[in-house]
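Consider the two complexes below, in which chain A is the common component and chain B and chain C are the respective partners.
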Partner chain A sequence: MTRRIIHHPVLDRIDETDTVSFTFDNKKYKALRDESLAAALLANGIRTLRHHEEFGTPRGIYCNIGHCFECRVTVDGVQGVRACLTPIQEGMDVTSGDKLLTSVRDWRANNE
Partner chain B sequence: MIICRCEEVTYGELVETADKYGCSPRELKLRTRAGMGYCGGRTCRNAVDSIAHSSTKRDVSQITLKYQPPIRPISFSKLGGVGNND
Partner chain C sequence: MSKVIIIGAGPAGLSAAITIAENGLNVLVIDEYMKPGGRLLGQLYEEPNGNWWNGIKESQNLFDKAVSTGVEIKLQTPVSNIEESNGIWNVYTEDEVYTTSHLLLATGAAEAPLPIPGWTLPGVMSVGAAQVMTNVHRVKPGERGVIVGVNVLSSAIAMELKLAGIDVAAITLPKMNMVTKESGNPLDVMNSLLHVSHMAPSAFVKMGSKLMKNDFLKRMGITFFPKNGVKMWDIPIMLRKAVVEIYGESQVEGVTIATISPSGDIIPGTEENIAADFVCIAGGLYPLAELAAVAGCPFYHVEELGGYVPLHNERMETVLEGLYVAGNITGIEGAKVAISQGVTAGLAIVNSTDGGKQEAKLNDSIKAIEETRNKAYIQFHPDVKAGKQKLQNYWNEHWKAVVSQ
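Up next is the complex of A and B:
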């Protein structure tokens, strides 16, 4: 838990004691309550939140303010949840998106 | 270099398509899918627009690339799926 900025010169001190646990891809992690899911995963050293549906390239936080949807994950079964905007709650089950089985981008290329 | 992150369209692809067909921005979007991704073109809209206009003059009668509804991606279940068809 040392990767967070605890004593920020401007913002007030972060309360490190109020931790919750959540699972990401079936592994248990610790995070601070009401921290954004993206920040919690980053603090635990996880930068790859999903893989591109078509090409499988790893994707993670990009805009961190809810515009780009690069950080979308599945939380408790709900898809397309933006990790950067979702506050952490106790016992959240988060799974990352993976490459889809079939390519849907250019059907003519492999269907003609 | 990737211009459109959601569809992984590279700068080379865009310039090559724009020069080959002399496209307007909308046509460039239709040909390369740049701007059709999950984020609704927020990241790459301006880049696609300016790449298209580097090879063809701006035609003001054409509709520009813009945000299309739904403004944010929405799941079909929210639109009236079982359980929340209020």
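Up next is the complex of A and C:
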């Protein structure tokens, strides 16, 4: 079952033949040329783009237009890239942001 | 003179750019998004004359026209700051600092969130995000969604989702709390809904809007509003229920709703679950005016315009020399009004460089904004004109105070 809306009663049909490949967390996926990274991931069924830096809870896109910064991922080694504003490119290496260490707080929780 | 710089390639920014370029000046438009068109891109609705307002086509037309008149457009370039020194505006982007004597801010609007429990789960997104995914990127936000927040935008987008073959299980209210106060109160929502009733094929909503001209009748309307809602485009609109929580393990699995009293309080024991794989939050729009704030523009809160707006006059001039505003940064309205405002801002800029030769055209363009507003199909606030008048009064007071100092 495709998540893409190929035919639309009012809008033009989209061309699904022109594809590029990219990786997300080391797995290979296909995307349509020039679509946003956020759209490419969603079309592949991926909704969790990162885990909250402090709490580790899963996060996905929220605004889809660059305002909320919820969709931050690492692209070809550059951190904090907004997936909703980034056009996909052939061979892009994308990784999700992970929970950061909160050693002091964890230590406190266990020791106080 | 230096190039005019416009921040924002939405309908306001592009139409201003075209107007300026047609008058022989150089223009640079900067935008952070991947495509030109701003929030016009996602728009799709049938006008009363049967024509479709297709945001992708309208954006393409504006873009083509801008390019053919010689406008330079730089996409994928966020502007982080602007600053004036010695009559020159510095525009800061990651790679470069641009300078200009005439700067137009056309940064549009943003969506207000409604923080309800579970709203950070993957699969929860703003209603505008679902619009852009569906109409611009052509990827389904999910198979079955619930929209939380009943307003003009969420009603329009619900219809767009249906059009693309996506199931919308319900449009309903958020549970009332300090933040969601107005959007969680059925009476307030009913008030605002009366102004979209012309878009609703549902006889109930249409008839309702005529009946409910006074508060008492409105309260009756809420009290007798069927618990399971009325249907618009076959989607139940539930004003007697509210979302208490969005649930799911690692992504959205559904929402818990409960019946509410006419004043918005939850009736205990009425909770039930609706399965859904995505949830749209519709908290309403507000002007995106951060850059005007860092520049030092005075701001006024005008409810009818959607929030805090930078002080400006009908020529789209701010109180700061060389700084102009157009489009939704001046108040929340539809794209056609934004286009008209862009023309006015463009003419005002040209006028200030050619010794006032554009006066007549400028006055006509101000009238044209008014006409576009009167004919607007979508009105985000019924009293937008009163809001504009308030701002004009603030403008007059501001200059009176300056003169008397």
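One rule holds in what follows: the second predicted complex is superposed on the first by the 101 of 112 C-alpha atoms of A that agree within 3 Å, B and C clash if a C-alpha of one lies under 4 Å from a C-alpha of the other, contacts with A are read in each partner's own complex, and residues count from 1 in each chain.
Note that a residue touches a chain if its C-beta (ideal position, glycine included) is under 8 Å from a C-beta of that chain, and two chains touch if they have at least 3 such contacts.
Because the structure is predicted, anything quoted here is derived from the model rather than measured.
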Please work out whether A:Gly77 is in contact with chain B alone, chain C alone, both, or neither, and reply first, second, both or neither.
-> neither
In the superposed arrangement, does A:Pro87 touch chain B (first), chain C (second), both or neither?
-> second
Could you look at A:Gly45 and tell me whether it touches chain B, chain C, both or neither (first, second, both, neither)?
-> neither
Between chain B (first) and chain C (second), which does A:Tyr62 come into contact with in this model arrangement: first, second, both, or neither?
-> both
Given the superposition on chain A, which partner contacts more residues in chain A: chain B or chain C?
-> C
Pick one for A:Ser36: touches chain B only (first), chain C only (second), both, or neither.
-> second
Of the two partner chains, chain B (first) and chain C (second), which one does A:Glu54 touch, if any: first, second, both, or neither?
-> first
Could you list which residues of chain A make contact with chain B in one structure and with chain C in the other?
-> 52, 57, 62, 67-68, 70
Residues of chain A touching chain B in their complex?
-> 52, 54-55, 57, 62, 67-70, 72, 79-80, 105
Chain A touches which residues of chain B in the complex?
-> 5-8, 33, 38-39, 42-43, 73, 75
What residues of chain A sit close enough to touch chain C in their complex?
-> 3-6, 8-12, 14, 34-36, 38-39, 42-43, 47-49, 52, 57-68, 70, 84-87
Of all residues in chain C, those that touch chain A in their complex | 32-34, 39, 44, 52, 54, 56, 76, 78, 110-111, 113, 120-126, 128-130, 132-135, 137-141, 163-165, 250-251, 288
